[in-house]
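One structure below.
Chain naming follows the written order as A, B and C, and within any one chain the residues start at number 1.
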């Protein structure tokens, strides 16, 4: 059984955001799968999709502060600057963190660890909604 | 053909560990698949799962020493500190390296490159056993 | 429907290279899949496979200059040095960026975002051709 669906993630401020509920709220079809895999592709190059801690919101704040230092703006050697100082650092973060996840499905639910949640990393200062293409397969 | 199995990775000291044999030793079912994909999800947020060199153990030591510098402890801006100074750096490494792998299966074996092995990155100072959920599919 | 195929990526200079066309040119079989997933594994530990901006070539130059700084050569604590000063940094970049991609297929084409392309990161100074194992599945 195969199913493909285009979801939208709401526009968010720069930073890391827990979006497990936002995704599952648009993915009722998951219940049809007893065993399978869910593939998620964020179709952008200046945002990211990762798994991380779903409990303490400080983790998201600390991650944002860490990645601002890891990929700082206005490096003298940057040439791709026409779209603003936040753009090239956003491409770097997108490459480091990735834009795609493959997650197991068990009995109609994502089989994540107890503390795992899906993070939408928004790396632009002013971003609109983001497209997420979901592919479900299984039995 | 679909199959899902929960494996356990033994408790390990902080650092990078080659676990290809530890995983395959618990995955006899792989032999039933002529062609397919194996999906591995480490169900944790302070460890990681990656592919890297399977030969020289110095690569694992160098990686650990590199990542200790890339994501150092006790940064003044960290707010998520209640679980110890190694916890927030562990979440960062888990995000950077990832916790999931999808690997091709050919004739009952993982079709990795000659020099590729599966690494369990243990990023906590004191960690217990880790849960690995494996989903096999193919024909 | 399952299909596995070994592709070759041409030898490239150190840096980031857009290889969407090079891959699709060897993957006519994609047209047989109405809906599915394409899994790509670069079978090496000193190169990488990622998604990033497909338009401005400056992004690739900036990424190379950034990663040269993020994982510099000749660190005093490196022990894995027998294969040259570029080798251990290449393993680090391969771990950070990853060597595998899973991409959705819709109506015989990869369903990437408008600005997304596949990057081959070549992290060795002198590298030969690289092996890419592609696994297609779908209906």
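The rule we apply is simple: contacts are C-beta pairs under 8 Å (C-beta built on N, C-alpha and C of every residue); 3 or more make two chains touch, one makes a residue touch a chain.
Fair warning: this is a prediction, and the values are worked out from it, not measured in the lab.
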item: Contact graph of the chains (line, ring, star, complete, other); value: complete
item: Same-site or different-site touching of chain A by its copy chain B, using the half cut; value: different
item: Approximate Å spacing (C-alpha centroids) for the pair chain A, chain B; value: 20
item: Multi-chain contact residues (two or more partners), chain C; value: 70, 96, 98, 102, 137
item: Of all residues in chain B, those that touch chain C in their complex; value: 35-37, 50-53, 56, 58-59, 61-63, 65-66, 70, 96-98, 101-104, 106, 111-116, 119, 137-139
item: Contacting residues of chain C [partner chain B, same complex]; value: 2, 4, 39, 41-45, 70-71, 75, 77-80, 82, 88, 91-92, 94-96, 98-100, 102, 131, 133, 135, 137
